[in-house]
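Next come two complexes, and both contain subunit A; in the first it sits with subunit B, in the second with subunit C.
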Partner chain A sequence: MKIFLRQMIAIVRLSFIELLRRNDLYALLALALTLMIPLSMASPFGAGGAGRYLDEVALLLVWGFSLFIAVGAGSRLLPPEFANRTIYPLLAKPISRGRLLLGKYLGAMLSSSAAVLLFYFLFAGSVLLRGGTLSMALVEAVVLHILFVALAVAVSLLGSLIFTPSANLVLSAGMLTAMFFFGRRLPEYAQGVSSALAFVINAVYALAPHAEFFDMRMRVIHGHGPVDAVVMVIVCLYAVAYVAALLCVSTAIFRRKKV
Partner chain B sequence: MEVVSIQCASRSFGEIHAVRDLTLKLAAGEIMGFLGTNGAGKTTTIKMMLGLIVPTSGKVAVLGGDPRTPSVRAQVGYMPEIAYYYPYLNARELLSFYGGICALDKDLVRERTEVLLAKVGLADAAIRPLKTYSKGMLQRAGIAQALLNDPALLVLDEPFTGLDPLARIHFRELMKELRDAGKTIFFSSHELGETELLCDQVAIMKNGRAVYRGPVRDLAGEGEKNLERLFLDVLAKGGEE
Partner chain C sequence: MSGNSSPNRHWLPLAALCTAAPAAIFALFLRAKGPSLAQIASGEDALSVAFGDTKATISRAMVHKADSYFHSGMDTKGVSFADPYCWINDRVHADTGEHCHLEGEKAVELLPWLWAAVRSDPGNVDAWTTAIYVAGREMGNRALAARLIAEARLHNPDSLELAWKHGMFLYDSGKGDLRAAREVFLTARELARKLSHGDVSRLGEHDRTIEHFVEECIHRIDDDIKKEPPQT
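What follows is the complex of A and B.
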């Protein structure tokens, strides 16, 4: 256990150092501040309710940035190790491929989650500056958003073992974005089309990661309050099970990968 | 005691026979140079020794065990030919990372890091990002990471690549110092002169087969017969030893 922990800490620490020393996070933070500060000061048309639109824009930005960071982090976990040949000294050390992959995943997931938390702090600040209040729903929204990040990192990690880096970025980000916006409507789309197409749509609905399950933007914006605890638990279990399945498949592929 | 024991090992990749029926033994405290032209099977042999790939047939044992097991790997240090180590880290952080992967105690890693960085001549550049390092400096960082776990067996792939003449001399001294401390060293190289100066044993590969194995001292004092002559002779003959 001590060995496992030391190895995990080393890999997770590497991910945080990478996040802090790459320019991506700072560029996104600067962009977020540039957009959110004017938003937090705006009061369009003097209407109090218009603040909801500002929240919607701000939260959409947070989701977009988090997707960018999570998919980027997941897709960068292994390909640079091969390209830079650092995979050889790493695999020659006393660590199994499964453990290495798990550590890499945890590092990317935790560092991306930390970035998401930072964006939510900015969002909360912009809400408070406009004289708004923060609800319990926001806490749930953050928890679900972090679970989404965990899912996105696992999706792009698996993609990085199958596709080329650019194809993986496009496919992972495209699939997650499509599911985020259209996932809940897939059963509707399956109605009134040919049976073959309906089968494909239903298969996508059953197998694709449901990014929309983690989206609580509307509840936060409209002040609907927190969701039922049972629903939260089910969504959390869905995320954990999905991530575990993706990691198992990734490990199986990584173990067979020629070095 | 045999630190490396390869018995009739072969490795194929589809139709390509990278290594054929290779038998090699390396005793504790010896330095073996592993020579051969490009594509002769040197890297495949090293990968089998590290447990990164398994032989199609035959057996590879390192320190009496399967090189894929973590307990064996914990006693092996490996430096690849050229690795572009994490550019956003500095040398101290790099060694700290590898120390964590080896599950070494933090204080021990800190202590060894300072000693090793001084030994490989990177003490003054310890906090510089690796992206600013030259090829030779990256190679030296690679040597330091390979030595971090105080390995019984050191496996080096083309260790002289990128090293300037002074660094080569220091490297040679370091290897001799390690041998005197009882370490076993196995390295592949195209540098025949350096190999002759450093090694106790040499093995020459051609088309996946070992065409020569023997002690370097046998070459001494035979007039024109040096390692370069031998290398050319055995490659020209191409037969078994």
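What follows is the complex of A and C.
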């Protein structure tokens, strides 16, 4: 157990260093400030006092950036190791492929979650600066957002073992974005179409990762209060189960992969 | 070297697309400002020609967003499905089943979206009328409402609905400037005749209803003016 933990900590530490070394995070922060500062100075029709639209745009940026970071981190875990042949010294060490994959996943997930926490810290600061208050719903929103990041990293990690890097990026980000915006509408779309198409839509609805479960933006923006504890537990269990299933499939593929 | 590609290289097409798309839009915008392209587009803004439908779609989406804000973010979906995913979604999102509205001063939250709607498509009369309603009725800011009406009519001189709204704004439930309101209603009646080439029965149902209201308002104001005590 001690060895397992030491191995995990070493791999996770490497992931954090990798995130800080890449310039993605700094570029995204600069982009966010570039967009938000002029927007916060705007007064539509010359009438001041509106603030919810700022929260909405800020949270949308947080979601977009977190997806960018999570999918990027997940898709970069293994392909560069194969391309640069650094996978050989890693596999030569006394660590199983399953543990290596789990460690890399945890590192990417935790480093992406740290970026999300930083974004939410800035968001909370902007709310307080405008005289707003923070609610319990925001804490729940952060928890669900981190679960979404865990899901996104797992999806792109699995994709990186199946597809080419470019295809993986497009498919993973595309699927998660589509489910985020349209996931809850799929049953409506399945009505009034041909039975074959309805079958496909219902299959997607049943199997695809429901990214929209983790979206509490409207509750935070409009102050509707926190989600019921039972629902929170169910969503957490859904995320854990889905990530576990994805990691099991990824491990199975990685074990069979010829390097 | 072929197998030694940097992972960052895979982001390059996406980054290039993200850079090129705004650059192309900006370039089109700059060209649209030039006189040559404006002539090619027969006097119309070339941006409107190139992105007319897109701008109208964005404008409608902004009005939809304002409507969502009016209902405090409550989703107005009509169908609910009895499956576990739908159950979770209904509880995570802001569907509390209550019907609530942003009223009074809080309605100012709708203005940014309506502003975006009319800037995307100044011909979106729904966006203008909603903004006028929010400013005048909800926020009680008549000066802002008057400014919005003036701007809306400038962009939509042939809108019967805006002319009627203008008249109603001046009439102010009988408490406003009756003579000014009458003048605007008379202009609206003329506009209805002009749009229908003298036969108002040829107007669409919506405009015909407005034309009917305009006639009613003119008669009502005439009656009100007759009841006024003679000025000494």
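As a convention for this text, the second predicted complex is superposed on the first by the 245 of 259 C-alpha atoms of A that agree within 3 Å, B and C clash if a C-alpha of one lies under 4 Å from a C-alpha of the other, contacts with A are read in each partner's own complex, and residues count from 1 in each chain.
Operating definition for what follows: a contact is a pair of C-beta atoms (placed from the backbone, for glycine too) under 8 Å apart; a residue touches a chain by one contact, two chains touch by 3 or more.
Small disclaimer: the values here were computed from a predicted structure and weren't measured.
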Partner chain(s) touched by A:Leu128 [first = subunit B, second = subunit C, both, neither]: neither
Which superposed partner A:His224 touches (first subunit B, second subunit C, both, neither): second
Which of subunit B and subunit C A:Gly72 touches, first, second, both or neither: second
First, second, both or neither for A:Ala92, with subunit B first and subunit C second: first
First (subunit B), second (subunit C), both or neither touched by A:Asn84: both
First (subunit B), second (subunit C), both or neither touched by A:Ile162: neither
Partner chain(s) touched by A:Ile9 [first = subunit B, second = subunit C, both, neither]: first
Subunit B versus subunit C as contact partner of A:Pro187, first or second or both or neither: second
Partner with the higher number of touched subunit A residues, subunit C or subunit B: C
First, second, both or neither for A:Met216, with subunit B first and subunit C second: second
Residues of subunit A contacting subunit B in one complex and subunit C in the other: 84
Interfacial residue positions of subunit C with respect to subunit A in the complex: 3-7, 10-11, 13-14, 69, 72-73, 75, 77, 79, 81, 83, 85-86, 88-89, 91-94, 96, 105, 108-109, 111-116, 131, 135, 139, 141, 144, 147-148
Parts of subunit A lying in touch with subunit C, wherever the complex brings them together: 42, 44-53, 72, 75-76, 79-80, 83-84, 144, 165-166, 169, 183-185, 187-188, 191, 205, 210, 212-216, 218-219, 221-222, 224, 227-228, 231, 234-235, 238
Touching residues on subunit B, where the partner in the complex is subunit A: 47, 50-53, 70-71, 73-74, 76, 78-86, 88-89, 93, 96-104, 142, 145-146, 149, 155
Footprint of subunit B on subunit A - complex, ascending: 2-3, 6-7, 9-11, 13-14, 17-18, 21-22, 84-86, 88-96, 258-259
